[in-house]
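My structure is below; once you've seen it, I'll send some questions.
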Amino acid sequence: MNHIQFPADRKMDFIAIGRLCIDLNANEINRPMEETRTFTKYVGGSPANIAIGAARLGVKSGFIGKVSNDQMGRFITQYLTDHQIDTTNISVDRTGAVTGLAFTEIKSPEECSILMYRDNVADLKLAPGDVSEEYIKQSKALLISGTALSASPSREAVFLALEYARKHSTVVFFDLDYRPYSWAYTTDPAIYYSLAAEKCDVIIGTREEFDMMEQFTGNPGSNDEVTANKWFGCNAKIVVIKHGSNGSFAYTKTGQVFKGSIFKTKVLKTFGAGDSYASAFIYGLMQGWSIVRAMEFGSASASIVISKHSCSDAMPTVEEIVEFIAGSRKEEQISP
Amino acid sequence: MNHIQFPADRKMDFIAIGRLCIDLNANEINRPMEETRTFTKYVGGSPANIAIGAARLGVKSGFIGKVSNDQMGRFITQYLTDHQIDTTNISVDRTGAVTGLAFTEIKSPEECSILMYRDNVADLKLAPGDVSEEYIKQSKALLISGTALSASPSREAVFLALEYARKHSTVVFFDLDYRPYSWAYTTDPAIYYSLAAEKCDVIIGTREEFDMMEQFTGNPGSNDEVTANKWFGCNAKIVVIKHGSNGSFAYTKTGQVFKGSIFKTKVLKTFGAGDSYASAFIYGLMQGWSIVRAMEFGSASASIVISKHSCSDAMPTVEEIVEFIAGSRKEEQISP
Amino acid sequence: MNHIQFPADRKMDFIAIGRLCIDLNANEINRPMEETRTFTKYVGGSPANIAIGAARLGVKSGFIGKVSNDQMGRFITQYLTDHQIDTTNISVDRTGAVTGLAFTEIKSPEECSILMYRDNVADLKLAPGDVSEEYIKQSKALLISGTALSASPSREAVFLALEYARKHSTVVFFDLDYRPYSWAYTTDPAIYYSLAAEKCDVIIGTREEFDMMEQFTGNPGSNDEVTANKWFGCNAKIVVIKHGSNGSFAYTKTGQVFKGSIFKTKVLKTFGAGDSYASAFIYGLMQGWSIVRAMEFGSASASIVISKHSCSDAMPTVEEIVEFIAGSRKEEQISP
Amino acid sequence: MNHIQFPADRKMDFIAIGRLCIDLNANEINRPMEETRTFTKYVGGSPANIAIGAARLGVKSGFIGKVSNDQMGRFITQYLTDHQIDTTNISVDRTGAVTGLAFTEIKSPEECSILMYRDNVADLKLAPGDVSEEYIKQSKALLISGTALSASPSREAVFLALEYARKHSTVVFFDLDYRPYSWAYTTDPAIYYSLAAEKCDVIIGTREEFDMMEQFTGNPGSNDEVTANKWFGCNAKIVVIKHGSNGSFAYTKTGQVFKGSIFKTKVLKTFGAGDSYASAFIYGLMQGWSIVRAMEFGSASASIVISKHSCSDAMPTVEEIVEFIAGSRKEEQISP
């Protein structure tokens, strides 16, 4: 057993809400973007990647989002449909918004950067009127992601989705995915991330992301247990805190802490690591696995994705992850 | 005893946060504004009026707000200072914002309207950086008001103030004061009012205001007890619901319900009734009075203000309210 | 004869286009606005004042403008109608714009200031679609004023009106009326004032206003003849340059220069001097008077207005101006 | 001789002002963009293409523009430098603007479309303060392009450049390049195109573009001579009107009309035809060629570019054009 009880008898397993965008990955790698000439187009955006990853693992997935009324928007919707994700709750913007773009630059495995196009993007036009109570009621789980909180009306759409999820006992995952460039003011992310996190069951983020959330409440030593207990005082049951190369730790409301596995891999780029981790970790929890096993599955998925050129296209199947783990050495749980 | 325990040993009794503006009341009454020619200038804005009312009753009050850098802003700050309100936490806008204006039109006692100037107003420029944790920590109570939630960065400033108030056990009053024209989208007020109300100790509003807040969660019969219990499930201890001429009811977390008094008065205009009620009701609670006595004091104060030309200037002293009550007949509590 | 030939056989004499707003003049004078308490409401705005002044002198006048859909807008339209100004081409804003306000503060006759409310104002929402070619074709003269050039779509509406006026030989007056606070960038007024002035027949402004217009073309010594000749190279026939207490000078395309009269008066405030001057000067030209006589009439009108509390309400009749001149001493023309 | 006298003794031959952007051309052609996967990056934007085309023909060229402070902006500046275009007057945006993008879709030679990213673009942030009088004074010719008129502050920068060009007798070319999606209101392009065209020496556009400019002034039969004479009444000496497959016609202030040549070619896409035409036509005029010869050179250049994948990269050299013409049949001048 694990620490999350998913409601039974729901039509869907998993719905993600928020950003749907396009990655344009430079085909010529190990050089600055000033010198690249061609790009390959992929579906991107943290919750999109997680939904694609989950679907590839066999999770019955859906998406609540908004796309532009153009070739880019239609490409995204078609891609999700082709990958067995329900798109009935993806609406089409009618205001002339565009699809967000992320041009990726891979100078070296350690030095990757992104050039974002985020003005007037369709994903942030998602509005409360686009969120269906019935749809959320029919799913076992809902995933929210921080970027959708960065602007109105997308922010309000997420808070409404949270309200519906709590009302109908749909389990809520929060992948923090904090991107400073999305926010106009430095004080706002802490305020809105906290208001959202109070309503979530599982919170996943880096130590730096949790630090950002605690800027007003105080946790001077960046103590993981202080962090986890703050959210256990609200609705959280599991808090996953990632410490980069020092590994990640899952804290539970029942007082346990688990250390995640780390796998050796040949890194092409770092993009997509968090999204693939989240999709496989969520998959594990939804299978009823132990937290340790779900974390291992997440780490293995991340290791696979960072060795490939894309994020969404590279999301592995269950068989690929199982095979990858079998060929690797794994780390141990540090505490019962 | 009553149902709210105020922290002892605080420098201040009461701090209001939010709107500071100017009322321009037509001197010629009982006619449309097209035909009025002269106006008299008063300090206005719901939390400003409540703070002025409280100060006039002897409550040691302060204000967290932002004023324009012009004659209007200086008039407001001077007026508050002259009325014994601490203005050290009122900052001055440096972006060219103006003071909000409310031109009032009194066609008849039953037909009053307001013409608002709310573009680029200084009060909504209040930002998280203007909110002092230390200041809130030093006060027994904090009052928030709905209009300050209607736009950024004022909205975030209020959420930060709430965070500080909860952290330091400062009692929070929420005067709903819902004004539809302040909001760009009809779905947003329910979302933000609810996020704020979850953190408040005492919530005061009309039945219509509570209905607005419940548009997504559902309370089809507009049942007061359903409403009150929803907030008792969060942090509320007292919920006051006003039913216009049918009187107001105070619900307590301990299961009691009290009906408020109604006084006969000669009505000049309806503006200011809610603000004067709130200031005298809060005064009563802070004196340790019973809820019934505090409600009666609130009703009497409201009856005095609606018989006069202004809101802020008309706020009564303790002696005036006591004298008014002595000359009136009062209604009874309907349930222990 | 004078230097402007007005087309005959037109239904209207004079149309002004642009700003319609409200002046709120402090009733308590000789003190800062922080200490004033009551205000009186008047119609204001430079082209509105000029149209009112012209109408009071018997000129058959109309207005192209936009007013707010509220009591302020209706007050303005009613006032103009009551003063025999055709309002058929004043449209009503439907976007929620407000009427611009000017709170006036008279600290002393020499120290007057204005507190403006110019956010989201209806007058700047005037759009090309609100400008009727037929209306401009039916008038002898059109007056434009600089503030209407300060923002879109009002700016484009004025350029379209100029296009129609030139097409149909309607004489165009340009009262520069430069107000720096109306402009977002310091470079823009010179650019747009120049593009407009190129199409005008009579240009009236202060030396400082003409300096502003020449910031890119160069006239280092602020030489009046250089200024006048620049515009005579376009479409201008008369250029009036005001030098404050040193008097004003009218230059003509035919090479003449005339010095205006100055009258002694008891000054209450300086507001409205330029508008009353323009209306009486235009009246004189339309009567076929000499430039000198028209300038004298303008100066006398200005002297009357600055001795009174309002601008629009104080605009004098022909009889009042004639009587005022009769009681005064006048200056001489300085050059043939 | 031809009809334009270029000033002698100038350091530069030719300066273009305005749009610098990126074309992302789908590598997979003859299919909708939903189905394309890779894109190649090129410098784009009409005035950029014309400057690149002119430079490749040996014209000493420069550019006045603004680029984003990122990899895209640096790519553009480097490309221009590599192609012998002076970039000293290209400034770098500091407000967080992005480079405009044009994703091109080639469904068939007849059906090409563009998906534009034009929100918050650096090229439209070009401001009057970025325009150097000295730079324009040192060039024989200046080229403006319509898109730069579509928004502030770029619009004002162009009007200021026109003012400097007229002041210093720099010949001004206006390539209309009307793109409806750039304009918020349908009435504005006619207004601003006309204000600009009044100050230009050579105006080049399609019949539809001239129709758009005449929407308020009237030319119901879309008569070319009416159009040309309108601009000859201002500052124009040559007006080129393109009638698609019916050929283009050059009208001169001296009353002549010339029909342009048409060449047969295998069309890959239609993008870039106008820009390559303009660059070679301007080159011809600057060589002192007859209008007919310059038009033939323009047509040949256009024929070359539309048979290739890119616009800017495909701009031909003098030798390539000469060789192309030698291998083709040409049309005749229709009237002396």
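To keep things simple, chains are lettered A, B, C and D as they appear, and every chain counts its residues starting from 1.
Note that in this section contacts are C-beta pairs under 8 Å (C-beta built on N, C-alpha and C of every residue); 3 or more make two chains touch, one makes a residue touch a chain.
Quantities reported herein were computed from a predicted structural model and do not represent experimental measurements.
The chains in contact with chain A and with chain B alike: there are none.
Once the centre of each chain is set as its mean CA position, chain A and chain D turn out to be 45 Å apart.
Rounded to a whole number, the gap between the C-alpha centres of chain B and chain D is 61 angstrom. Averaged C-alpha coordinates give centres for chain C and chain D that are 41 Å from one another.
Chain contacts: chain A has no residue touching two or more partner chains. If each chain is drawn as a node and touching chains are joined, the picture is one closed loop, every chain linked to exactly two others. Here, these are the chain pairs in contact: A-B, A-D, B-C, C-D.
Here chain A touches chain B in the complex through residues 127-129, 133, 152-153, 156, 159-160, 163-164, 167, 185, 187-188, 191-192, 194-195, 216-217, going by the rule given at the top. Of all the residues in chain A, the ones that touch chain D in their complex are 24, 27, 32-34, 36-41, 70-72, 74-75, 78, 98, 101, 103, 105, 115, 117, 119-120.
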